[in-house]
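Down below are the structures I want you to see.
Both complexes below contain chain A, partnered by chain B and then by chain C.
Right, the complex of A and B next:
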């Protein structure tokens, strides 16, 4: 029958409940009834009367594993996020504001990095932060860098000209906490014949703002980013990233949660691992690896990488390294979910969610864990004691730069 | 056969009218018995729009009904607070309608005492974003939505609290007469046990089936079964009742009710032998969708849950047995004066909105005959669940066993009676029906207090199985609880099979898109995994 085609995404749910089975939170927090109830089931009640909004939706990690699991393509995570934005009466606290504004905090803290890092490590500081801000004292903060990635990028004394260019969206973590990852990427891209540009204006992607209810600010920053991205895409450049969460946010959360239309540029925003893998797979570039590189690596699939469906690019790229033995960790949430795990009220759940993953890592004879998300890195390092690195950094370590440049005819 | 008990009044029929009459009789101190062939609200009561008319729909054609409606509308908003939702309604004029009708309409409404105010079409769109944006006029009226199941249940509960006895699944097989006077009824229950009950007065509140009851009593009422088909949509598209501002026609009312909305109705005469087995035809589905989309275009993209049909108990006036001037008004027949059958009264016609007034009139007549002088109080005394409440502190929802959503949903269904639902243990708080948020505690409360013998009863009391999944997840859980309560698993299995069959009957006429996927999934679970199709019958 041609008539009456359903347009309401939540009504495509046939109540199979597989989303709730895959929800990392529902398994450990009995107060959260799971994505099915919070999403499609609850939506009918909220449409009846906003009073039916259930505050337990605030527990949602926004990992989107429910959406990956859904056989009916219901945007369960989006339904929950939008409901929170529309109905939640909770206003962001000072703590939420500080956690969400990763760029403002980053800018402040890089200036006094050595001091800030030392202060953040003090038990006394942790106690004060818990008491004043409800940031859990058991959490370790990522160290801030004493210089910004962008400062290093602009200070490079001379730039060769390249046949091809890409634009790098570095994100807050690379800029304020770990510029080395950005440097690694630039080096790798340059070696395969790609010059690197930065966006004219780059703001934080806004993922933490969305999670902390600062929607208006997130939308504003998103608009700035899209404007800059449009300019480079118009020049024919792709935008590459090294963070799965930033990528996922700009590609998927912008339109579905923030209502920002990105259809014209969405396909041009890609993870660097996918970008490089595809160049190699189509024989457009070649990479020579060091013969003395040997490493046993376990790959952890971040939730948003799972949602993008792109973990396969990172792992395939790693598998190309001859001296690398890759072990796959079961794809499951590590529990941190960005700023989520830092909050006192979420700490216990955050740790419980990751428990199995930490156990699996500890049982494996690996030297490092590779993953595409910085917050997964903090969580796994804190709980397993094993260093976690981005696949791009592993690549940079394994590449024979001189040979690679020659192969790609880079002078 | 045991010796029958004696009552002042026996009421036949457990629809809203019968339930309301039982309550009124009991409140006036009459010794009352209500007998119902099947379940309460099994007939037309449970098969309509759930619209609490403001009277606007009848204003132009029937001032008396209109004035009656608005009076009852205001009374029920007070005494049946938890069954009524104060939505307001719009009567919209579309380009194909005559805008001149609007002033006639408003004039008639005001004459009947109905607040009717013309509003700018733009304002109408702001008030109700789902409304057809091409509208040329809109009138706002105090239409409301009412849950007929809840309303009937509350009346039954209160009748019982006032001493009435309620027997469901208990059918009148014939009347006992002393000369021409009706003195009692012979009954048979669902265990095929026969028994007798005597009374001074028997009130026939059988709706369309009242014709048969009257025949048993030895008289004739000319009823005209008018079928009305309706469609239920998966969620609320509108929050205001939407009507067309024109002479009443097919499929021109869209009512938001609980978590869903309902478009209806069609109207067609059906032969009497079909009233027990109403089917919705493809033509009716097409008509409802076509006309419904004119009220709210988004219905074209909204999932349909079910189709169903009810039978209006229309009565031809005694002076015109041909049925040409069929009234929608209340019909109270005193068979003593009409047919020389003392002790027998029929209350019929009317509508859901006026059920209380029908009950009042029937009870007034019964009291008169019994020489009882006691005034009706049903317009003043709140139904159980609707009692006024102290403003609640914010911490009311701090029971960890049940989600906030679940607690609010239960409160929405049972009003203040929801306090009787056990939430002591985690098990009590776990959900039976996930779409409608019905907990184990609520199901057990319904089984214990609300005349629940089977799953259909349970659905009418709690909404178990009424949601999007149509029983897929909840049916087996509910069957398990019923098996435990009744101590019989075999019965529960059969009940489960027939419940799912009943759900399918309503889904069949609209089985496309998600509905057919859902049905397929239900069949995998219950036939494929549970082997329910292997159960006898």
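Right, the complex of A and C next:
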């Protein structure tokens, strides 16, 4: 289909206001101008005079649901993000810097994980954080792991060689908070005959830096990642991920928001669920499932997964598991939007946005919620009390590894 | 990824086709590039907008009209299933195909229609209104409803109306952002206990009116709010459509998609078909923006891509073209002949669309593609606005093509 891929296609907007209907924020926060006004309408004025820039654009979650809904292909979210970068007079605070630097904080906190986790749970800490940093005291922090995924990966003593290889972009969450997800993926990929490499240099994808106005740093980190990705793609390997937001950022935000050209590698950056589904769909690999696995699962579509349009791969994989009953949650924002919901000024809106989703989850007789985004996981766990897991971890739990290895002739 | 039928376009026509095929055992994929024209829905559906019997008018249409390609008997059989189907997914419509009734437009005029949602203002006899005194509820700050136009129009029809401005603290809250004071944002606020407070305000304003008429700003995600308000308002309550976005239209879009997904259909929103591989007059597979090299394949494909609004049709300086598969289109003459300078006159471009044979196979370079069908607003040969047949053509062509596909595949099985 012929598409409008101009950098700034605000003129395509026909003012139909469909975006407003699907904006999770416009419904709860009247201080936000709404996607049409903040995006294409406002852009018209801003081009005339930058004084028309309105700092309320900071409220935008960058969920991109406006773009998914737009019948005219207007890149509403991109227009808003670029306007923030270009015109905003606000400078990131210490709090923004801390929230945005997920990898630096991760490295520090992993070292002292048991202590840090305990301190972060204290009401007193939360009070201090709110007073000094404007991080909302009602928010629970994700626990840090006491070992890094990369440390585990490098310490594995014996490695057989595989016919095929794939490179894993693990991201900050797997490295510092939840290495088990990375271990699950390695195990699943190995069982279907794929060896796993890591990138030579992996930096945080930069999504939180973009959201917090640290554009220069985001661009620098993006360049490091693209350099490493190019090297493995040149070898013929794909780069797989387990986080929809990292994937979306490296594929779409690098070129559209950071101005980094990734056209040569974009198609090689994929979610692991898509990668595995495609191998199965084309009969290149087979998976055998345990007969004693039973679970009722609800799938939540993270905003950036909705934008990627790839929830179908995660849910199709889950549906292949014989003992799994899958219920679909209505695709809607959970409200956390990465670091957004941690901020004191956003907390109330963040909670209000997710209200309906939490209600829906609580009304369903499910044991776990599956989702491809780590921050959705924190938000949903905190508000519904139901454990949230990545589809890859569910797959790892349901697979009969011995049989699967035999099916794929892996010794 | 393989399906039995792939439908490009996820609006009324695409969803009706998809649901029909899924109900008869097929596995369907719908790919939708953005939300649909159902977001402009008026609460009524038109079969053919004439006084009296729409089927009689349909029987007299030229051969090029989509209705003529389906045939009167087939149309009758299809439309008999429409009311029961919508009832099943929670929409109760009044009206029947033997005689049109009238919906009341936001301008206070009457338009002949086939079906109207039961809670929407409509009358069966234009000379005999069921009420003569109306209270018009105007939500303060709401941008897309013009009570004085409506009052003036109703006055000409012999209905005297009094406008009452209503507001609530919850509405004042969202009014802080005046440009977003739209039907759907209002509907998102009017839920739960707020309905009770709204009903109280409405009741205060009704006085001796026989009917309460208000803009359609209630019940975005379900009908509970509508029912609850109806219960709590003392006088009969009727809705009038607003300017877009349409609250009932969005509810219908969501309900249709839910139903399609519930019975196992796959719905991809926000994705566009980039290319298709055509060999020997058949479409073998398509690729989309989001899915890159993953090819979607099916036995049959339905183009439910819509008209100009949905970019199912596009205009260049000298041609109307179909942007997905570059199918043949029907349009006439030089650009200056495409439109009439009188805005409200019949506009020739409204009849432009994708060219098909009599079985709705799409034509490409003059030859019918054997497994590609066209349904809905993208078809050529009809003027949805002037003739008043948008929903009717969308629904009947969708179900007719679904029938064709099912018959074709069952004949194929017999032959095997």
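Simple rule for what comes next: the second predicted complex is superposed on the first by the 403 of 411 C-alpha atoms of A that agree within 3 Å, B and C clash if a C-alpha of one lies under 4 Å from a C-alpha of the other, contacts with A are read in each partner's own complex, and residues count from 1 in each chain.
Everything that follows uses one rule, which is that contacts are C-beta pairs under 8 Å (C-beta built on N, C-alpha and C of every residue); 3 or more make two chains touch, one makes a residue touch a chain.
Predicted model only: the values in this text are computed from it and were never measured.
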item: Partner chain in contact with A:109 - chain B first, chain C second, else both or neither; value: neither
item: First (chain B), second (chain C), both or neither touched by A:42; value: first
item: Which of chain B and chain C A:54 touches, first, second, both or neither; value: first
item: Which superposed partner A:70 touches (first chain B, second chain C, both, neither); value: second
item: First (chain B), second (chain C), both or neither touched by A:8; value: first
item: Contacts of A:16 with chain B and chain C, given as first, second, both or neither; value: both
item: Touched partner set for A:404, first chain B, second chain C, both or neither; value: neither
item: Chain B versus chain C as contact partner of A:33, first or second or both or neither; value: both
item: Intersection of chain A interface sets (partners chain B, chain C); value: 1, 3, 14, 16-17, 30-31, 33, 36-37, 72
item: Residue ranges of chain A in contact with chain C within the complex; value: 1-3, 14, 16-18, 20-22, 26-27, 30-34, 36-37, 67-73, 267, 274, 278, 281, 306-310, 312, 328
item: Footprint of chain A on chain B - complex, ascending; value: 234-236, 239, 256, 258-260, 286, 289, 298-304, 400, 403-405, 408-409, 426, 431, 434-435, 437, 467-469, 472-473, 510, 512-514, 517-518, 521
item: Contact footprint of chain A on chain C as seen in their complex; value: 1, 33-37, 39-40, 173-177, 179-180, 182, 184-185, 188, 244-245, 250, 261, 266, 268-274, 288-294, 309-311, 314, 323-324
item: Interfacial residue positions of chain A with respect to chain B in the complex; value: 1, 3-8, 10-17, 30-31, 33, 36-37, 40-45, 47-48, 51-52, 54-56, 72
